[in-house]
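Shared chain: chain A. Partners: chain B in the first complex, chain C in the second.
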Partner chain A sequence: MADSGVSGGADKKDNIEREKIEGKELTKEEKQRLRKEKKQQKKGKEKKDASLPQVSVAETAAPASQLKAERRARQEAERTSKQSKKGDTGQPATTSKPKIPPNELQPVVKRLPEHIQVDDPDVLKKLAKKLERQQTTENSEIQKIPRRLDYGYKVSLFSHLLQYSRKAPLTQQLSIPSAVIHPAIVRLGLQYSQGIVAGSNARSIALLHAFKQVISDYTTPSNEELSRDLVNKLKPYISFLNQCRPLSASMGNAIKYIKKEISNIPSQFKEDDAKKKLLNCIECFIEEKIVLAAKAIAKSSIEKINDGDVILVYGCSSLVNHILCEAFEKGRKFRVIVVDSRPRLEGREALRRLVQKGISCTYVLISAVSYILPEVSKVFLGAHALLANGYVMSRVGTSQIALVAKAFNVPVLVCCETYKFCERVQTDSFVSNELDDPDDLIVTRKGETQLKDWQQVPRLGLLNLVYDVTPPDFVDLVITDLGMIPCTSVPVVLRVKNVDLL
Partner chain B sequence: MELQAVLMAAGGGSRMTDLTYNTPKPMLPVGNKPLMWYPLNLLERVGFEEVIVITTREVHKMMSTDPKTKLDIKMKLDVVCIQEDGDMGTADALRHIHQKVKTDILVVSCDLITDVALHEVVDLFRAHNATVAMLMSKAHEFTETVPGQKGKKKTAEQRDFVGVDQSGKRLLFMANEADLEDGLIVRRSIIRKHPRMHIKTGLVDAHLYCLKKAVVDFLAENKSISSIRGELVPFLVRKQFSKMTSGQKRMDDTETVDQKNDGLTNDDLFFPSRDEALLQLAQERSCWNDHRGDMSEAYHGGKLRCYVHIMDQGLCYRVNTLSAYIEANRMVSHMWFCHRSAHFVVHPLLMLHFVFHPQMGSDSMIGAGCHVADKTSIKRSTIGISTTVKEKVKVTNSIIMHGVTIEEGCNIQGSVICSNAVIGRGADLKYCLVGNGQRIEPEGDTYSNTKKSILLEVSVTFGLV
Partner chain C sequence: HKITSSCKHEATLSSTNQKAACSRSPGTMPGPYRETDLTEKVEAFLSDLKRGGSGTGPLRGSAETARETTALLRRITAQVRWSSAGDLMEVIRKEGRRMSAAQPSETTVGNMIRRVLKIIREEYARSRGSSEEADQQESLHKLLTSGGLSEENFRQYFTALKANVIEAINELLTELEGTTDNIAMQALEHIHSNEVIMTIGRSRTVEAFLKDAARKRKFHVIVAECAPFCQGHEMATSLSKDGIETTVITDAAIFAVMSRVNKVIIGTQTVLANGGLRAVNGTHTLALAAKHHSTPLIVCAPMFKLSPQFPNEEDTFHKFVSPHEVLPFTEGEILSKVNVHCPVFDYVPPELITLFISNIGGHAPSYIYRLMSELYHPEDHEL
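Right after this comes the complex of A and B.
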């Protein structure tokens, strides 16, 4: 061991000397390794003096593998110590978004998370394995979370994303009295995939409602602690929901919050008390971050709505509808233009809610936006998420509206609660998006369905995008529950929020 | 636990007494398996692990003791025996097991043979938080001649009128022709909420219902309802559109259909799920609506919803008449899960003389332990366990149950021969129904059109007339 250790160490040392000469910076690991080599060399010299030459000969034969194993063990130890230093608590592997941790100085290439690399077969294999690993063991039977299959030809620019068909629900592959997955979660997954619960706020509230059921029905197994076991129980549910419909940023933040709360339950709490506390936390979260935030945002926005305004809204955002209804109740005189787009045609629902209140509305499709913009005095947009570089991620078509409004010098106000702020960074709508069912684009007019056999036509792809990103240059103001901030202040809010959470 | 399965196996088979006077309906062999096996297999395939079986003592005994009717079902069967003679309707039976019901239930009838993807029905139940979800299928005409009937058309059964909305999933209206005295009356509240309604009459009700637990609780309170299909489901369908009473106002007096249940207010049926307020909040924020064109929110704000899944492809039979029984026997060989290799014992020396037509493999089924001699021809038939078929027998289009002996030279066509019967040598049976344990004299020549050919338990042997 001694000799080859010395020789190995010497080689390594040469490498390091060479790199030094070349001007590369030594990483922490390499420095530590250098230090250890030096220590070993010292020890080796001492041993060499003490031991017999025969023994040393015998020892030199086997030690190369030993040395490698030692080095590997050392590296593992360093890695785990590093991770614990970072304080990585409860971040799920599948739902982690590519965080850009501000305190990491190493130039490590950040890979995109696996769920948006669908065209890479290795990634698909890894995902399948991950789903298998996240199985729940019930009565010594191992049952897997099923994987939903891709559907149809995907447009090449978006082939890295998943595209599902609504007619092939995930419940086909599950057993009917679902034992693997809690029935509330199965119901939620179905409602997501069929679009019954749609919209960022609704999805988060429904998710928290389902989690409340899960927590109420949960019993701690005998050798486990609630704080650790419940988090593990939630993992397969979350990946199931992800398969039904990719998680939204607001849902991701809600899940992070819950996991943190669960992990922070002190171990001496009795199960009932712990469950009560968790249910309380969930209710607080909904009350503070969604309901009260909506009230605060409405209050701020009403100052921005003047009498005689013509307000343009796009699609159906629960928050924007709430704001307009509140403003109308407060007595402001304005009228609304609802812009809508295919295939979702959510504007009809927004129209219904506003007209039911008594607000006078106009309804146009997005193709007419440049014709009606001369009449408009303000544009109110809702957001699905606000990204860390100030970009607004919202329903597809929002960036168009913002662009045209900018061209007409009409102020664009985005309303968004702070729990939808996301630490991701995106500058285009391609890298990460959601593909909806392409069959939604098929429409029957006058008894004819032109796209009925679109799958037979080679190289014809139907693209049904759900989200797009709007650059901050087109957004004039973001109204949040913390106040009215410019788009570029989003990272500040995130930083403040992180400090709070920690 | 999400759903509990309940199998109703206490029915009498009142519409096919020829077959059921000796064998109870759940134990009738269809494709060499007892009729009960089919719904149980459906439940097992889908993933149920326990089933509550409501049946009579006789059937229970047969299930457990009779070696021929062994059920190779791996699920746990919780058998609840009820009185055979009692006038217990299906809803009464549910009331009987009310204590065992802990969650929502899936009620299946024992005479259902289907290959439906059950998740379609259950998904409707889950996704829309429905009170009841049921299965229906487009009816097929039975074309085979029914033995024992002198070619007369079956009595015009009372038609069922089923009204669904535009999507074809929401159940708006359900009435049987018998209950409608002077025409079909649709309430204005329904039309106002659903201006386009499709009314269908050619549907077969599969008697498969997903019911919420609160409905079972409701049944326990209201003892006036005795049948699920006849009373409970139409009641719930009607109640979808009743105004929510505040305890004072009674229901619409303009009810012309079935006045029995008017006394119940809608409050009894408001089945709140856990944490109703949060669900309501989520629904408000969601930009989804199940209909468009009017000012109301999703589901018109109604809490009670009934859904139906109408199958247009695939098999769905309810074996409650003789013609259905025969048709089911034919179709069962096509069903994928019945494709086990039929094993039969053939006299080794006479193997070469088998006259098997190519249809043998897919259209006929031969049970275990049969002895089939040479020069026989078996086409489109089902032969039960332990039957003996001697030489030169031609069996076409027939159902032969267990333990039957068919002597040489017989010609059996389009008939149903029940267990343990003996068909004498050279008999020629066309479209006949031979009861249990009967003997047919040798050289007997029977043809359903000309003679009274249904044999009953009375010890009258059938001979030449």
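Right after this comes the complex of A and C.
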């Protein structure tokens, strides 16, 4: 564990600079380094600007001493609080890493994801180069990750996003056998891009299973350490999956967790033991974050479901379906209204599952929601991700349902596991979204397909959005595995989670 | 349950109408009339109305229905033997009841009948020589002071009455023909360049409105497709062929896209007496989203759509069509265990509407009651 702290020396310097600027507390080592740097700086300044009065040096010294005093005081307080929380053994190792203790404000060192900068040609060039770099030269064959191309006319408001066609999956551009990408990942990518695996929980679980396969098939090459090489091996896979379909927030968190676990493997572990440990970690993640979380959420939600309730659900959320089935088994009497929307029509899947259980259901399309809402007593919605400013990112149409429910004074409850919480912020559904295949909107009614040749008509565009964001004033309650919280408490939960290192 | 009951109700109505029509055609009209092709025309019109009951809208637009109704009423006035205004009004009321019963949701039919009845009253009053004001709506003062004044029997015979009434109906017809153009002419007052306009479904009035504005201004239109009938697709193809930049979105994306929309322009099936709308389903959601973003909601509705109905009765307001549009029969087993609804109309309260644009200009929703009093006589509200 200690070696990873020492290795990133240069990065640490930058970190220290940044922290100093924002007046934060530093650990003992960092303080020592800072003192050294300051001495060097002073020497440099004296050499360069001999003409400058000593005041400047004194000025830099005076606030620095103030900062030092503040830092010392804060550090004492921090140390006592930390020691009361954790054991001493874990402390030096963890704090020596570049990761800053959670009570501090993290500086924003963000890189915009490429999939929302499609209209910038420089970004596209960089992406192409990155995909080329992530090739392996196994068997003296250089293969690169293929790049998926845009399809169709894009609406001008969304020209910064990618729009793919389902008929041209990425795997067509791969040669067989592909030495770069593990076949389990290829299969997964194809399942994502064709929509066979959909829904954030399903996608995350499928991803973790595929990674388990990759890890068990992995062999460390000589002269390499497992902890570093495996992470590098995973990078092209992740790029490939990103090209097939942009990663969801839950998948992003899962990948972060795996990478952290891999890099935490001590170097003295044998390969088999390391692999076993990793597989175990992944199992634990799925068990805790997804399965047990669902049980906990179901337990809290059942208190909110009363006899005689009429519950409205939208689309197919695995978590909400689970909750309703559990409540029905526990003997609650309620009926469900399933609202669905074109073109995905996921509600039919939810309908099938609920009817199989024996729950009495009604089915409408989203345009009829203001007709049916006066009968409804509660609305249960699932979420794709919960953003740090309290907005709920979910399937397109969710915000609409929340809006109409608010107008009719019907309570809206969102159910979401904590591993879907995301540090991004977003205020509208334009900047970061996903565009699905526009051909899905075409429909044939009474033998006539109105939009059959939409590509030929010059000014016609079809927009098939996948996600939208719901403002927090439409949502009354969020049910998570940590309890029932208001929508605006999401950043609090994120901080608490960071203490536990996810 | 609602689906089956309303369908059955309509079916029985139509069958009794047909039976009644066949049995009583020569006898019930006061005085025999020679032309049986008038009956034929009426029957053809009725069957057209009944057939156009599916959710995709009537077989022809509302303007055409209004014109056909008025032309038919003119024929009845011309060909049926009547002696006094009261007889004529009875005849028209009877026919009118049959026509509205054929398709209750097609309110333009009823509106035109009431317009013609009002024309007859006015012409009668003019022939009698009484001033226009005396025939105004009943005020409280009039009710108290002149109790028997409303006892107009319309029994006096005037020779010129028939010609006057037919002339007035002709004027009404000319007015009807120009409604779409009148509304479209106002387009440039409401649309500026580089706007993003949102609409839902298919309305011929809005189509003409936007095409007229597109001749001089450049703007972008977003059309919500309005499932399950997807009339929005037709609208989008028609607009884009005229050179307007159009985007088709699903109903679920209405709120997501609304933040970038400058104006919402919609058509409607009926304008209700309180200023509310009975419009295609999905319009209430659109209106709520527009209100949330403080986007103005403009309704393009010609005057013949104004109906003296109020949105009080829940069970007569909504119309449902076959649920197989929503959940097709291919879904198999679950069909028998699930209730499926497919409403056609939505109620939009007047608080969500910013402006009505009609062939006589623009008004606020609070002014609609006044217009209604000028178009229809209060005794004709119930046919």
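In the analysis below, the second predicted complex is superposed on the first by the 389 of 502 C-alpha atoms of A that agree within 3 Å, B and C clash if a C-alpha of one lies under 4 Å from a C-alpha of the other, contacts with A are read in each partner's own complex, and residues count from 1 in each chain.
We adopt the following convention: contacts are C-beta pairs under 8 Å (C-beta built on N, C-alpha and C of every residue); 3 or more make two chains touch, one makes a residue touch a chain.
This structure is a prediction, so every number in the text was calculated from the model and none was measured.
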First, second, both or neither for A:199, with chain B first and chain C second: first
Which of chain B and chain C A:286 touches, first, second, both or neither: first
Contacts of A:451 with chain B and chain C, given as first, second, both or neither: second
A:399 touches, of chain B and chain C: first, second, both or neither? second
Chain B versus chain C as contact partner of A:352, first or second or both or neither: both
Contacts of A:229 with chain B and chain C, given as first, second, both or neither: neither
Contacts of A:191 with chain B and chain C, given as first, second, both or neither: first
Contacts of A:213 with chain B and chain C, given as first, second, both or neither: first
Which superposed partner A:119 touches (first chain B, second chain C, both, neither): neither
Residues on chain A lying within both footprints (that of chain B and that of chain C): 348, 352, 355
Residues of chain A that touch chain C when the two form their complex: 155-157, 341-343, 348, 351-352, 355, 360-372, 395-397, 399-400, 403-404, 407, 428-430, 441, 443, 445, 450-451, 454, 457-465, 468-469
Sites on chain C touched by chain A in the complex: 220, 225-230, 233-234, 236-237, 240-241, 243-257, 259-260, 281-282, 284-285, 288-289, 292, 318, 326-327, 331, 334, 337-343, 346
Parts of chain A lying in touch with chain B, wherever the complex brings them together: 169, 171-172, 174-179, 183, 186-187, 190-191, 194-199, 201-203, 205-206, 208-209, 212-213, 216, 286, 291, 315-318, 346, 348-350, 352, 355-356
Complex interface listing, chain B residues touching chain A: 1-5, 46-49, 106, 117-119, 122-123, 126-129, 274-275, 278-279, 281-289, 292, 295
